[in-house]
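Okay, structure first, notes after.
Chains: A, B, C and D, in written order; residue numbering restarts at 1 for each.
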Amino acid sequence: MEHLKVNTIGVLTSGGDSPGMNAAVRAVVRTALGENMRVYGIRFGYAGLLENDMVEMNMKSVSDCLQRGGTILYTARSKEFAAPEGVEKAARILRQAEIDGLVVIGGDGSFRGARDLTAAGIPCIGIPGTIDNDIACSDYTIGFDTAVNTVIESVDKLRDTSKSHHRCSVVEVMGRNAGYIAIHAGIACGAIAALVPEVPFDIDRDVCDRIKKTLHLGRSHFIVMVSEGVGNTEEIARYIKAQTGVDTRATILGHVQRGGSPTGRDRIIASRMGYYAVKLLRSGFGGRVVAIREDNIVDYDIDEALSFHKDMDRELYHLVGTISI
Amino acid sequence: MEHLKVNTIGVLTSGGDSPGMNAAVRAVVRTALGENMRVYGIRFGYAGLLENDMVEMNMKSVSDCLQRGGTILYTARSKEFAAPEGVEKAARILRQAEIDGLVVIGGDGSFRGARDLTAAGIPCIGIPGTIDNDIACSDYTIGFDTAVNTVIESVDKLRDTSKSHHRCSVVEVMGRNAGYIAIHAGIACGAIAALVPEVPFDIDRDVCDRIKKTLHLGRSHFIVMVSEGVGNTEEIARYIKAQTGVDTRATILGHVQRGGSPTGRDRIIASRMGYYAVKLLRSGFGGRVVAIREDNIVDYDIDEALSFHKDMDRELYHLVGTISI
Amino acid sequence: MEHLKVNTIGVLTSGGDSPGMNAAVRAVVRTALGENMRVYGIRFGYAGLLENDMVEMNMKSVSDCLQRGGTILYTARSKEFAAPEGVEKAARILRQAEIDGLVVIGGDGSFRGARDLTAAGIPCIGIPGTIDNDIACSDYTIGFDTAVNTVIESVDKLRDTSKSHHRCSVVEVMGRNAGYIAIHAGIACGAIAALVPEVPFDIDRDVCDRIKKTLHLGRSHFIVMVSEGVGNTEEIARYIKAQTGVDTRATILGHVQRGGSPTGRDRIIASRMGYYAVKLLRSGFGGRVVAIREDNIVDYDIDEALSFHKDMDRELYHLVGTISI
Amino acid sequence: MEHLKVNTIGVLTSGGDSPGMNAAVRAVVRTALGENMRVYGIRFGYAGLLENDMVEMNMKSVSDCLQRGGTILYTARSKEFAAPEGVEKAARILRQAEIDGLVVIGGDGSFRGARDLTAAGIPCIGIPGTIDNDIACSDYTIGFDTAVNTVIESVDKLRDTSKSHHRCSVVEVMGRNAGYIAIHAGIACGAIAALVPEVPFDIDRDVCDRIKKTLHLGRSHFIVMVSEGVGNTEEIARYIKAQTGVDTRATILGHVQRGGSPTGRDRIIASRMGYYAVKLLRSGFGGRVVAIREDNIVDYDIDEALSFHKDMDRELYHLVGTISI
């Protein structure tokens, strides 16, 4: 953590894109301009930084981006930056551009880069942006709410056809190794079960038996939510059909979940975090991650942030089973 | 074509469900009640008919279904009904229930059943309901507009992430052996190409060369629409990546396309067709299919309707290539 | 109608904006570039033309606008252009810029300007763009389908709360002096009545009596669609409440109806019309309006087009009453 | 607070409806059934209770309601219940039906009724359901997130047309005497100002000067969010136009904000609260309100809950001004 007077900052998005990243970029730019700082938008994340792909931003640079999915700064992954020479080169480029602070919007991998750049003399602030909600230090990551609502809208459509045909839909949703999207969408869609990588499950007990039990009570169509970290969605569908006799289909929702106009929640939290990140830089802080804990915006040392571990919320996990039977 | 006085009718949905079927059912029920006829809703298509699964409907039976996807009458496929004995049994059941006319909402297969039932003494009227728009006698089938708009909304989301990462998205859409969804969604989404089963294509000339040409003009992200009748979507994606160097991902949209609240167009055309079908029965007609031709509701003899052949609209096919380059 | 070789064209949007205008602009630009023509985008309609507010467009100028509501060329109304001197000045500016053909996207007023500019030596082609569908020569105008679907989505929300409280919602929709939006949305939303300026109505017979009649049949909530051309929506609501005893609320949907991402239908028809307009100019035609008649793209002389009269579709008007009781 | 063994419960919705109420009802019913309790749905709130309008519910009673706006139990206001005799009568009716616990979903007024009924011997649990978020004991009320997102979607459409015409849109949103919807939607929509009843404002300083300042920086269209508690939206629009010269229009969003399919957040929080409420009754508690505080479900004594005061979040209020300039 260094206490330099920061006058010019850069902002970049890194890793997978998520809805709301533009709201964060906009808040960073507008807050910095309000503080009479200069701001550079660095395109294509660390990869673009290494190629000096940056442009100075003004108030109009971020007009009409608040409601757009994706990232107006584009994003990429960079192998070159992962090496110490890459970090040194990036720091050099930033110094040449007289950028003395950087906001990095992305996930854990992006934060490691921000930590290394901070160590190389450029104070960095990380903002958690990923649809997966898998950043341990923060209750919430930008894009998660939009992704959950995108899943819900899709499953509400699947439900129409599942109901018409008395079918079971097994829906694979994103989340990498985290089951947050599956659990939240599972509750919101009335899934009979949500299978996630964090919690061991018994497909007979946790899925097939529930289906058979509620079939007897008159239920005729079913949603089973499967996190991509669990895998084998097609196989799960075949197994359910074989065990229960219910016509069962698998649907893999795919990259649709990464896009779309951000929800209010994503726009607002992104705006709050972008504002907070600039205030941190302005106050001389670096090497921090902005997070939200129990509805309050806070910040952590990056290394501390990376050391956190986040548990699946068992209350929510339990709730899926309770209220769908 | 028989001229009986029809006083009690049945209505069923058959084959795959499509958004707008409920609007058609509602119009059938409300129009019939307005004509002082009685109406029975037959559940699960011909399969349910063979099991006498029917219920009398009143004005309230179809309340608040206009805006719902799926079919409140449920649907199914029936092997038993395909045999002559099945048709005879169905006619007997209908006569026992004193149903002297039937409206069948579905596709070509369902119309063949309607023709056979008509021959067995129960005047039937078919209404084209399928998202695929693959019924030759009608310019339009109920559900198509909703499906196209569902594809568009999904691809608009994919575009966000394709643009952020400078990627190409290869999107597989439904349509069975027909490319209507792919062509219409292709134009509407700005796809660089739409591959359909009706038109032979050269993937180098029609896809890869176009991508390479526009890459030079500064375009950075691409949508390729592929009809399910073409198949091999994953393979097409790999080939495009290999030939163009653009990071390319395949997305299979799946059953989401069959559901969702119907658009205005689907609700309105379904309402017009349902109204028209009852008027036909009331006037003593049977063995007819309701269709829309150049915006007018018309009707054809079922056998004639089944003999039509519908060509892909070459103007639209050509348009994809012209305005996306 | 003149037969000049057109090599450079301009395109502008005029009057009220409508969703799909961007799809038309995009098709004009892309088709012209494909014909090796140059294209200028003229901003703010005729008003901008008189101020020489134009910019040359390339393939990228119309990237990612297909899915956006509004118009990337902006729009305005111009008093100056309405006078003969204005038209002369506009023609002079176009000649100075070596623009020898112009595509004008807008309504009847905009077409009159296009006719006058054609007479002043600049061949113009009109494309019908307005949410009101009130252009007599064309079955359809760009933006109408999106507006109808926007109304439907809003009324589907109103219905939730009307149903929960057993209320009647009187909904005022746009359309100026035309009732198309009201009739189409009325059918699509299951309105008990749609009041439009083209058809005289008796509020007791056509609204209150229907409500009272269906109240007895068990219906508990109601939608009444009112076109803005009818006016007095608040008063109508008070009258219905007084006559029927049903708690009745007025909602005026307002300018929300003018915006939003265009539907597939609007994107596709706009693309077809933009393509066709450039082909007309390229073939040496001017003073024409592009239209759609029974699903075919056609063109008319502007004066002839302006002389047409379009009747309300009585089949549709009648349908509202039939299937909502 | 009494410690009775509760075996049969009732559930009702009261006051204005809000999206997510059905998710709460569903969770109450399913959780109670899972505890082997009996559940009665009481229709039309306290008014229906006084008329003994109730029906026993099973697992299927709440099928397919999770995604619906409004309330399947209907709602109403009751003058009779407000009097002590009304409360006594209601308690008698509940005792006759052997209902020994009641879940009340609604706002502060509904909670006062729940307190009185508890005092009359029927343990009641309140769940905060209102789009206004104006219940002081809880950070969040069911329906708020959906309402905010409905406003955002509408304003995103208004923005299209405001941008095309270079206009200012003054948007009146709901919230009664609370500005939560206005503030949240204001941030999410990039409003230049959000006017709320809780914070005194100077229209010249807080709106007109900001518009004039950013006009000079090149901004051309503006959103001003006004809470209904502020009033005079039309007048505000006229004043802004007069002071700034920007063409300014007022839009009153109206009852559309009360409906619509609930967002994920509303479905999930409603489910958690419904589950929690039944657990409270099961454990012998009554006279409590369920609330969410910093993401945790908690409960308060009703009188204590009603005594809380909730301040406008100044961080959010301040944020609107900072990031929109």
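Assorted remarks:
Heads up, the rule we're going with is that a contact is a pair of C-beta atoms (placed from the backbone, for glycine too) under 8 Å apart; a residue touches a chain by one contact, two chains touch by 3 or more.
Just so we're clear, the structure is a prediction, and the values are computed from it rather than from any experiment.
Between chain A and chain C, the least number of touching-chain steps is 2.
Common neighbours of chain C and chain D under the contact rule above are absent. In this assembly, the chain whose C-alpha centre lies farthest from chain A is C. One finds 28 Å separating the Cα centroids of chain B and chain C. Chain A and chain B have CA centres that are 36 Å apart. With centres defined as mean CA coordinates, chain D is found 40 Å away from chain B. Residues of chain D found to touch two or more other chains are 156, 159, 163.
Across the interface of their complex, chain A is touched by residues 13, 16-17, 19, 68-71, 74-76, 150, 154, 156-161, 163-166, 169, 249, 251-260 of chain B. Across the interface of their complex, chain A is touched by residues 26-27, 30-31, 34, 58-60, 63-64, 66-67, 139, 145, 148-149, 152, 156, 159, 163, 184-185, 187-190, 214, 217-219, 261, 263-265, 267-268, 271-272, 274-275, 294-296, 315-316, 319, 322-325 of chain D.
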